[in-house]
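The following block contains the structure, expressed as structure tokens.
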Amino acid sequence: MPDTLASQLDDASIGEEIFALAAELYPICRSITGDGVRATLNHLRQHVPFELHEVPTGTPVFDWTIPREWNIRDAYIKNAAGERVVDFRSSNLHVVNYSMPVHDRLPLETLKKHIFTLPDQPDLIPYRTSYYAERWGFCMAHNRLMELEDGLYEVFIDATLQNGALTYGEYLHRGETDYEFLLSAHICHPSLANDNCSGLALLTRLAERLASVKTRYSYRFLFAPGTVGAIAWLARNEQTVGRIRHGLVVSCVGDAGGPTYKKSRRGNSAIDRTMTHVLRCMAPSSTILDFVPYGYDERQYCSPGLNLPVGLFQRSQFATFPQYHTSGDNLDFIRPACLAESYRLICAALNIVENDCRPRNTMPMCEPQLGRRGLYSAVGGEGPGNSLALLWVLSLSDGTNSLLDMAERANMPFAVIAAAANRLRQSGLLLVPTGS
Amino acid sequence: MPDTLASQLDDASIGEEIFALAAELYPICRSITGDGVRATLNHLRQHVPFELHEVPTGTPVFDWTIPREWNIRDAYIKNAAGERVVDFRSSNLHVVNYSMPVHDRLPLETLKKHIFTLPDQPDLIPYRTSYYAERWGFCMAHNRLMELEDGLYEVFIDATLQNGALTYGEYLHRGETDYEFLLSAHICHPSLANDNCSGLALLTRLAERLASVKTRYSYRFLFAPGTVGAIAWLARNEQTVGRIRHGLVVSCVGDAGGPTYKKSRRGNSAIDRTMTHVLRCMAPSSTILDFVPYGYDERQYCSPGLNLPVGLFQRSQFATFPQYHTSGDNLDFIRPACLAESYRLICAALNIVENDCRPRNTMPMCEPQLGRRGLYSAVGGEGPGNSLALLWVLSLSDGTNSLLDMAERANMPFAVIAAAANRLRQSGLLLVPTGS
Amino acid sequence: MPDTLASQLDDASIGEEIFALAAELYPICRSITGDGVRATLNHLRQHVPFELHEVPTGTPVFDWTIPREWNIRDAYIKNAAGERVVDFRSSNLHVVNYSMPVHDRLPLETLKKHIFTLPDQPDLIPYRTSYYAERWGFCMAHNRLMELEDGLYEVFIDATLQNGALTYGEYLHRGETDYEFLLSAHICHPSLANDNCSGLALLTRLAERLASVKTRYSYRFLFAPGTVGAIAWLARNEQTVGRIRHGLVVSCVGDAGGPTYKKSRRGNSAIDRTMTHVLRCMAPSSTILDFVPYGYDERQYCSPGLNLPVGLFQRSQFATFPQYHTSGDNLDFIRPACLAESYRLICAALNIVENDCRPRNTMPMCEPQLGRRGLYSAVGGEGPGNSLALLWVLSLSDGTNSLLDMAERANMPFAVIAAAANRLRQSGLLLVPTGS
């Protein structure tokens, strides 16, 4: 594969294209099961032929069991005048995700026990879930709750919780080898733009463009509901996950913060070193975090029995921005330019793992004469200039160092080192052993 | 052993109890041999059944030989008027420890060659010794020396230096295994409160309380004269010192400085990591020092042929506080609260070595479902809260990490990690292999 | 060899002697081939019996070929009035080194394409070369160029480029073993005082003094033209370079900056640790640099197929001082005191590699009794004083640590540790196994 993967995958419109797709996904009410996930995947199938997998309710997946399927049509709280003071139709965050159905009339004081607000962010609706405890509830802006007058309220949640299935989507871009690069995003959050419409849209656009590119690795795109969805996929693919050589969980990639990379549990896997290099070279304000067993589905990929080399890529780290898990995480919070930068950082990482190798200098005794090959300035006395990358590659190409090792030791971007290696290979000064 | 070792050994009065015992030991005139050591050990036997060992004068112990036994009854310098201007009865520091007997009349100028003072601390009496060179001498406050008028002075040291024995005391608390934790204090210093009445008193109180506790390790308490006493013990126990898995030399544990831990020569032994963790978590003002071959009896335990995992625990580091080796190291210099804190830090270290283990996660494939076991908040969307320690233990319990490893990687106190491990064990999610 | 190598090699006049020799070499017009190199080596043979080696034009040396030999007699630019406005006789920097011969008459505008100046340093003549591209050219002060009036100029370079040879000089001081310490300086630069008359003069004075000293290592002094000269030597000695255990490239050792040590490609070879120790102890303003594959002939010695333990010693790092590769690098720029300090730092490194060893403590069980051997203060209670180095050596002499390891761990100068080891050896407390 040529060294121009990044340019093959990129164009000026990528940020707008990712944003537009995220905006289309935003209104859909997703959960860990149900028709919202199916609608999302079917929408994305306009771009990439995702395969939908259905795992029936009750299926054991490692320590877990696939829950009943939740679907919701409508929900509201009406005041004594019959006005909807809380309306699911205006925001699907208003209902605690996975709420039991309810239809009742309650005095305000009793109703309040079922209502979640954010007193410190009184105009935002919180996002809450109750997947594994049977309850019902509403979420609303604290200021709206304060305005409610005493009296009887009608509560109605037209939801069903029935045997059905958990749905996930999967797409494999086949490369020259069966070794895989896993790109995973959670698909269970309702109307939250950054978390994770941004991730779903970015990876779909990447898969779409990658389709026409010949790669060394196979790329597996997995859009599964958080936790139980990833666990279901791992349980069903336990025998083959060993193919995964690199992986990224991608979420919250549209805001203006970060970028942030959280290392895999291994801490020094190739994807950890690759993302660290990419962020240090291309995003000076970036943060590299050590593994912590809390976060997104890297929790499952990195569990001790699997210990896969999968890290987490984000812009702002989850739970650190005030819009996190609130109605503030809307389409105003994500930006085409930020989505484009996230996309480019991921492509730069792909470029590294695709092109990394351990070349051998064919002239290891002293330096070869670069000048007669047109690789060195003809007038002496002025310093190495552009030849320094060539000298680094020649110096370190003893078969033990990868191009990424060289980039780190030379403190130069991988792309500069890889370009130097290409020039040397064209001059016959470098060999790349097969499979190195 | 339960995880509550620290609480089993502790109570609110511990600081006062250690101080009271140190105060009882303070007046006794100890040296590296003689009745002072015996009197000290016999006093401590009211609390702990120390065994007294007598090593005869002339016994070879490695490169050394047990010296003659020194005992002193009285000593003074009298002026022409017959007044005691220096009086052993008011402070046993007045006589150079191990002085030869003398009875003579000398002019002041000649006498001064036998007198040690501290011109920079003119009101303090220095502590000086002459174990291996035969001489006699006095120590006194510089200001008192300056007041002496010319004339003849009577010097009298009623001491004996005769064949006898070197005495040390030893007590073994037997645990479930023969592996030992050595707790060692020097018993050769006369009236110096911090150095080392504090150490003798603290360890005696610890041994006293430990007697009723079932432990994994056996705990050996050794009160031996500095250098030659420790060497004698090591020479006599050369075949069995390999049982020592951890060790602490304890001295100067009653002042308000520090605390300080000096690592063993190995630098990364379990006691080094344990004390570093304890001091970082519990004593933010603490200092961790690398090994230096000067100090207390860790010099002997860490000699290259033994290289035992024994560190030094102190409050202020020796030779860094102005009261060190002077009459300023008196009972006003040590405090019950400081003694109690020292005691608690040592108990925290014992708690770690007693409870550390390498558990195994019984559900290593993905995370187990903590929610249905009551180990996780039922409402989602709000962060891990108290579950984070559980997640760390599950993540790292692959049989290679000890609880202390986990505490360090999670940057959490050992006690929090150990408590999480207990909860997981009770839920069947963790196994502790025997001997792990 | 005694520990006093440094004092054997040193005397108060060394700085003046090195300076005087550098001043004698300064006027000679050297290049990578030609009579200037021969004249330089023949001058140095007054002090040290350097052997001159001639490698014929056309000889292949690894990837390179020995070029034709360049010699120059005269060169000038004359104005219309016949006045020499640029005159080789006033500075040999005026001619681009390795210029083709030329005799022509050119208008100023055409002539300017052959002239190099430094607009930012308008009073200095740059140093430029064109070894491997056939061209002619002049170098001059920018201000002088600006003064030239339009018109025709006569250019004349009376040089020859013909089959001949490349010359290098070599001198071997034989030690007890065939293991070698390589001391290498480039001999191809014309009138540049720091770069590298200073290095040639310093190493010649070192070789001269070393002649009367018995050493463990053999010391090879190599004065070869930069790059192709070093490559020629390596190609001709490929079978024996494995004898080189340590090496230093020495250049720019007379200015007041630095000192600077650039590590070998290995990064942790004995010479790297030795020079780091010497500079940290003796030159607090020093800089230690990691290896970079650009610089002087360490580029060749450290090429991946050789990877010799050879570092670079300088005062100011090359290409970082404004006089670098200009007529400002003249005899005013180097100073006897700086040359002397450079010399002493190199001698200190030689002292370390000559005297380093891995001794064994003959009394490894506890400390030996230093007092009865006169190695410890007789009055106790006052601290270790000068005995601390003895204690460090005893503690670490388990056969795994070298004296340099001990100096680093004790944070003491090597000379202090080596002196302590000598005292212990004299007392029978230390053995130095043969070949340790």
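The chains carry the letters A, B and C, assigned in the order they are written, with residues numbered from 1 in each.
Just so it is clear, a contact is a pair of C-beta atoms (placed from the backbone, for glycine too) under 8 Å apart; a residue touches a chain by one contact, two chains touch by 3 or more.
The structure presented is a predicted model; accordingly, all values stated were derived computationally and were not measured.
Taking shared numbers over all numbers used, the subunit A to subunit C interface scores under half, which places it in the different class.
Note on subunit B versus subunit C: their Cα superposition corresponds to a rotation of 120 degrees, in steps of 5. One inter-chain figure worth recording: subunit A and subunit C are separated by 54 Å, centre to centre, where each centre is the mean of the chain's CA atoms. Annotation for subunit A: no residues touch two or more other chains. Listing the residues of subunit B that touch subunit C in their complex gives 62-64, 96-97, 116, 126-133, 135, 227, 230-231, 234-235, 238, 265, 292-294, 299-300, 302-307, 319, 325. Those residues of subunit C that touch subunit B in the shared complex are 361, 363-369, 371-372, 378-384, 388, 391-392, 394-398.
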